[in-house]
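Below: a set of structures, written as C-alpha cells.
In the two assemblies presented below, subunit A is common to both, partnered first by subunit B and then by subunit C.
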Partner chain A sequence: MILTLRLAWRNLWRHARRTWLTIGAMVFSNVLLVFMISFQFSVYDLMINNSLRAFSGHMQVQAPGYIDDGSMRQTVAEIVPLASRLRQDFPDADIAARASGFVLASSEQRSYGIAVYGVEPAFEPSASSIPGLVTDGRFVESGDEVIIGTVLARNLRVSVGDELTMLGSGRDGSFAAAVMTIVGIFDSGIPDLDRSIAEIPLATFQEVFYMRGSGHQIVINAPTIDSASDYRQRIRALLPDDLELHDWTALQPGLKQAITADLSSSFFVYGVLVILVAFSVLNTGLMSVLERTREFGILMALGIAPGRLGRLVLLETALMGAIGILLGALLGGILTAYFGVTGFVVPGMEEMAVRFNLPARLYPGISVVTLFAGPFVVFLVSILATLYPAFRLNRLQPVEAMRAA
Partner chain B sequence: MRILIKLAWRNLFRNHRRTLIMLSAITVGVWAMIFMTAMTQGMVSQMVHDGISVIPGHVQARNPNYGDDPTVNNLLPVPDSGIAGRLEGRGFSSWSTRLSVPAVISSERESRGVTLLGIDPEREADFTFVDLETIDGRYLEGVSDQGVLIGAKLLERLKTRLGNRIVLMSQTPDNDIADRGFRIVGVFNAKVELWEETWVLTGKETLQTMLGVPDQVTEAIVFGDNYRQVDEVADSVGDVFDNSVSVQRWTELDRYLGTMLEVMDGFTLVWVVVIFLALSFGLVNTLVMAVFERVREIGLMLALGMRPSSILGQIVIESMLLLIIGLALGNVLAWLSVSAFPDGIDVSIVAKGMEMMGASSILMLDLRLQDVVLANSVVLILGFLASLSPAWRASRYDPIEAIHKVD
Partner chain C sequence: MSAVRCVDVCKTYRQGDEDIHALDHVSIEIANGGFVCLSAPSGGGKTTLLNAIGGLDVPDSGEIYIDEQRIDNLNKGELAALRLQKIGFVFQAFNLIPVLSARENVEFVMQVQGVAADKRRSLAMSILDEVGLGGLEERRPAEMSGGQQQRVAVARAIVSRPALVLADEPTANLDSKTSDELMELFTELNTHHRTTFIIATHDRRVMSYAKRLIKMLDGRIVDDIAQA
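Presenting the complex of A and B:
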C-alpha cells in the first residue's frame, strides 16, 4: 500500500501543470461551496430565530383547526391554569398564554383594523421579543393598558398616554368594545408586526371579548431551536387529546418553504459546479491512463493485477481530492471567517433583508459541516468520475498495450 | 488562415475522447448558464408583473402623505372628474383612479382587517390581480356597483358564502366610523393567497358615498408599455399634475421589487462568470495536454518555417472551435429544456415560501435574447483569453529542443 501511495504521488507530479489545474478546479468549487453554504446556513438560522423569537415561538398549543381558520371560537379552555401547569413541568422552557382577535382600533384622528393579543404580562417578556422592544413607555401590567407598534402609532397619530378605542366582536359573536390607555410603543423592525399588532393583558382581553377563561394559543420556546422537537414530544404526551401542538414549520409555513425553495435552487447551482469539476477530473484521469498505456502494459506483463493498477489511478485522484479538500476548506474557511468578522453586504440587499427579518449586514459563521460538506461531495464525485478510466484498465491486454504508440 | 482552421479542426479529433469530455463539460456549463438565467429572469419578470398588478401601476400619482398614512385623510388633491381629462390621450397603455382605505370586514361570525378598494372595474380589468376567468359569481359592473368582490381565502376565513351580506367599517375624513352592509356578489382567486385575504373591491362611487368623499380618490394609476422603461411615463404624469401631487415609479412604490430586479440582473452576470471559471480549468487543462502531446510536431512545424504566430493561432482556433461547438450544443439543449416547460414549472409544494419572496407557485421560464447573448459572449471572450497562455507557450518553443523531446 505504501508503495502504491508513493507511486501515485510521484505519478501526479509527472504532469505538475495538469495536476494543479485539476486541483485548481476542485479548490475553486470548494471555496465557493464552503462560503456559500456557510453563508446560507447562518442566514437561515438568523431568519428562523428572528422570526420565531419575535412572536410565534418554537411551538404553540392551539385548539384543532385554529391554525387554519384563526377563528375566535376555536379556544383552549382554562388557558392560564394549563399554561402554569406546563410551566411547572418544563421549568427550562419559556411558556406564555395568549388570546387574539381582530378589532377596529380608533384614536381621535384615525382608525385601523388590527390584530389585538391578550398576553400574560408576567410571562410574555420571556416568550417573545416584543415586550423587550418597547422603546417608549413600558410593557402592559394590568387593567386597560395597551402597547402598539411604532408604525401603527404613527398611523394612528398617538403616543404614550393617549387613549385607543377598540371595536370588535367577542367570542359569542356579540359586540365587544373597550377604551384602552397606551402605555408603551414597540419597534420590532418587522413591518408587519409594527403595523398591525396591539397587546393587552390577557385578563382584560378575556373580559372584553367574553372569553370565559379561555384563550387561543400557548406559546412555548424550548431553550434552543435544536431541542425544540424533543420538547415537543414530551409536551405532546402531557396535553389532552383535544388540543394540538404545532411546531414552527406549521406556524410559519412560509419561512420553512422559503428556505426549501432557496435550498433547492442553490442545490442546482452546487450540482452544476460539482458536475463541471467531475468532467475536469474525468478528463485528467482518462488522459493519464491513456498516456501510460505502455507503462501499464509492462507492469501487467510483470504480473501486477489490473485491479491494483485501477486502485493506483483511483488513489491518484484521491490524493488530488484530498489536496482539494484541504486547500478548499482552508481558503474557503479564511474567506468565510473574514466576512464573519467584517460582515457581508450584498449590494442592494437591504430591502430584501427586511422582508425576511434580517439585518442588512450579515455575518456568516462556520461549522465543521459547512466547512467540509461541499468539499467532501466534490471528493466523492471526483472518485466516481475516475471509476471509468480505472475500470478501463481491466480490459487492457498486456501485449497490445506494450506495443501501443 | 484556412489551413490553420483545417489543422485545428483535425487536431481537435485526434483525441476524440478528451474532446468529447470537454465538449460535454462546456455543453452542461452553457446549458446551466442559460437555463438558470431563464429561470431567474422568468421568476423576476413574473414577480414584477404580479407586483405591479398589486401596487398597482408603473407610475402612481397620490397625495405626498399617503405613503406614510394610507387613509382617507390623504386624498389626491385633484377631483376625480378632473383626472380623466388630464390622463386621456397621452398614449398611456392604461390608467385608472381608485379610492383605497383600510377597513374592517365582518361576517356574522368573524372579523378581519382588510384594504377596501373603490375601483373603476372596466378600467382595472386591464391590469387587475383578480383572475377574471375564475370568479365565482360576477366581477364588478361599474363605478356604482353596490356589491363587493372578495377573495376566496377571505371568504373562507369569514366563514360566509357568496350572496351573503358582510359589514365593512372604515373611517371618514372627520374620523367618524362609517359602516355599511354589502352583498358579496363575487369571489375571486388570485395568484398569491395573501392577496385574496388583503383586498376587498367595490365600486368607486359606492365607496365615495359611504365615506362621504364624493369625486375624491387616493391614487391615479398609470401603465406605460414596458416596466423597465417608466421614466418617460413618470415625466408625462408629472407634467399633468402640479407639485401638490407626488408622482412615483413602481420601483419607488415597492422598493423590494425594484431592488429585486437590480439584484437579479447582477446575479445573472455573476452566475455566468462563475460557471465559466469552473469550466476554464478544464479548458486550459485540455489545451495544455494538447500542446504537450504535440511538442515534437510543433517543433517540426517551426523548423519547417511556420511562424510562431501561426502556431499560436492554431491553438487558439482549436480552443475556439471547441467552445463554439459546445456553445451551439449548450444553446440548443437550453432551448429544448426551456421549451419542455411551456406552462412553467409547478413549485406549489413551496407555495407559501414563494409567497414570502413575492413570487407565485408556477415558475415561468423566460429565455431572453440578451441573456443568451451575454452567456455566449462571456464564454467566447473569456475562453479566448484563457487559451492565450497555453497557445503562447506553444509558440515560444525552441524548435531544436522541441524536436528532440522524448515522451
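Presenting the complex of A and C:
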C-alpha cells in the first residue's frame, strides 16, 4: 500500500502545474465554503437567539389551539403556580408566565390597537430581552404600570409619566378597561414589537381581564438553543396532557422559513461552485488517464488488474482532495477567525438585520461542522468525478493501450 | 509437461477492406525450460503470437495452454492474475514506471502479488544485483541508460521467478554489446532456474542464443529448428 501511495503521490507531481491548478480550484472553493457557511450559520444563530430572546422564547406552554386562534378564552389555568413549579424543576432555564389580549390604547391625543401582555415583573427580565431594552424609565414592578415601545410612544405622543387608557374585552367577554401609567419606554430594534405591544404586571392583567388566575403562555428559554430540544422533551413529560408545548419553529414560522429559504438559495450557489470544481477534477483525471494509456497498458500486461489501476487514479484524486481539505480548511479557518475578531458588515443586509434584530457588524464563528462540511463535500464530489476516468480503465485492452503514443 | 501449447490458433485483423491473418492455424508446443526464438519479418505474426500466449490478446479460434491450463477462455481478471503469477514480460521499449526508482519498479509487481515489504525489498535488491545494477537501485529510469533500463525491466520480469518469460524485441533499442549481455543473462536464467523463454526477434545475434528457432511468415509457422 505504501508503494502504491508513493506511486500515486509522485504521479501527481509529474505535472505539478496542472496538479496545483486543480488543488487551487479545490482550495478556493473550500475557503469560500468555510467562510460562507461559518458566516451563514453565525447569522442564523444570531437571528434565532435575538428573535427568540426578544420575546417568544425557545418554547412556550399554551392551551390547545391558542397558537392558531390566539383567543382570550384559550387559557392555561393557575399559570403562575405552574410556571413556578417548572422553575423549580428546571433551575437552569429562564421561565416566565404571560397573559395577553388586544386593546385600544389611547393617549390624550391618539388611539392605537395594540397587544398588551401581562408579565411577571420578577421573571420576565430573564425570559425576554425587552425589559433590558427600556431606554427611558424603568420596567414594570406592580400595580397600574405599563411599558410601551418607542414607535408606539411616538405614535401616541406620550412619554414616561403619562397615562394610557386601555379598552378591551375580558376573558368572559365583559368590558375591560384600565388607566395605566407609563413607567418605561423600550427600544427593541424590532419595529413590529416597538409599534404594537405594551407590557403590564401579570397580576394587574389578570384582574383587569377577569383571568381568574389563568394566563396564556409560559415562555421558556433553555440555556442554549442547542439544548432546547432536550429541555423540550423533559418539560413535555412533566406537563399535563391538556397543555401544548410549542418550539420556536412553531412560534416563529417566519423565522424558520427565512432560514430555510436562505439556506436553499445558498446551497444552490454552493452546488454550482462544487460542480465547477468537479469538472476541473474530471478534466485532470481524464487527461492524466489518457496521457498514461501506454503506461497503464504495460501495467496491465504485467498482471495489474484494471480495478487496481482505477484505485490508483482514485487515490491520486484523494491525495489532491486531502491537500484541498487541509489548505482550504486552514485558510478558510484563518479568514473566518480574522473576521470573527474584526467583524464584518454585509452590504444590503440592513432590512434583514432590522427584521431579525441583528447587529450591523457580524462576527462569524467557526465550528467543526462549518470548517469541514464544505471541504468534505468537495472531496467526495472530486472522488465521484474521478470515477468516470477510473472506470474507463476497465475498457482498456493491454495490447491497444501499449500501442498508444 | 509443456510450458506452452497452442492448438490451431487463428487471429484475423480487419485492415480497411482486407482481412489480415496475423495467426493462421498456428500449433506449437514449448517444453518447460525451453529457450525459443520466434523470428518473422514485420507483420509476420510473432508479436501477435507472443501476445496471445501472454493472454494480452484473445485468439479468434484455437486453444492456448500455459502449464496445461487453458487460458484462451479466461476473462480479463483471470488473465491478469495469470500474468501476474506465471508470466514475466520484457518489451522492446523498456516500459518502466517513470516516477519509481529501479528498486521500486521491481518491487511494484511483487507488492501486487502480496509479497511482504521487507521480503520484496531484499528480493528486489538481490535481483538488481544479479542483473548487474548493484548500486543503481535508487535511480529513476530517466537517470539510466537504455541498457540499464532494460535490465531493470528484465529484473522486474523475473523477480518473482515466473515459469515463463515472454520478450518482444528485447534488444531492439540496445547496442550490440548490451544486447549480448542481456542475452547472456537470459541464457543464465534459463540454465540455472529453468525459466522458459520465448523471444520474438528478427535480430540474428539474439537467434543465435536460442535452443529452438521458430520461423513465421504471414501468420503461419514455416520452420521449426532445434539449435545446438
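The rule we apply is simple: the second predicted complex is superposed on the first by the 402 of 405 C-alpha atoms of A that agree within 3 Å, B and C clash if a C-alpha of one lies under 4 Å from a C-alpha of the other, contacts with A are read in each partner's own complex, and residues count from 1 in each chain.
In this text, a residue touches a chain if its C-beta (ideal position, glycine included) is under 8 Å from a C-beta of that chain, and two chains touch if they have at least 3 such contacts.
If you're wondering where the values come from, they're calculated on a predicted model, not measured in any experiment.
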Legend entry - Overlay on subunit A: subunit C relative to subunit B, clash or fit: fit
Legend entry - Which superposed partner A:241 touches (first subunit B, second subunit C, both, neither): neither
Inset, instruction - Mind computing the angle subunit B to subunit A to subunit C from the CA centres, in steps of 10 degrees? - result: 90
Inset, instruction - Return first, second, both or neither, reflecting whether A:399 touches subunit B, subunit C, both chains, or no partner chain. - result: second
Legend entry - Residues of subunit A touched, compared between subunit B and subunit C (which is higher): B
Inset, instruction - Would you sort A:303 into first (subunit B), second (subunit C), both or neither based on which partner it touches? - result: second
Inset, instruction - Considering only the touch criterion stated at the top, classify A:92 as touching first (subunit B), second (subunit C), both, or neither. - result: neither
Inset, instruction - For A:226, select first, second, both or neither according to whether it touches subunit B, subunit C, the two together, or no partner. - result: neither
Inset, instruction - Note down the smallest distance between any C-alpha of subunit B and any C-alpha of subunit C in the overlay, whole angstrom. - result: 12
Legend entry - subunit B and subunit C contact sites that coincide on subunit A, given as residue numbers: none
Legend entry - Complex contact set, residues of subunit B against subunit A: 15, 17-18, 21-22, 24-25, 28-29, 32, 36, 39, 68-69, 71, 73, 102-106, 108-114, 156-157, 159, 169-171, 175, 177, 255-256, 258-260, 262-263, 266, 271, 274-275, 277-279, 281-282, 284-286, 288-289, 292-293, 347, 349-358, 407
Legend entry - Contacting residues of subunit C [partner subunit A, same complex]: 51, 54, 56-57, 76-77, 80-85, 87, 89, 91, 95, 97-100, 104, 107-109, 111-112, 117, 156
Inset, instruction - Provide the residue numbers of subunit A that touch subunit C in the complex, in ascending order. - result: 2-4, 6-7, 10-11, 13-14, 294-295, 298-308, 398-399, 402
Legend entry - subunit A - residues contacting subunit B, complex: 15, 17-18, 21-22, 24-25, 28-29, 32, 69-73, 101-104, 106, 108-115, 154-155, 167-169, 173, 196, 253-262, 264-265, 268-269, 272-273, 275-277, 279-280, 282-284, 286-287, 290-291, 346-352, 354-356
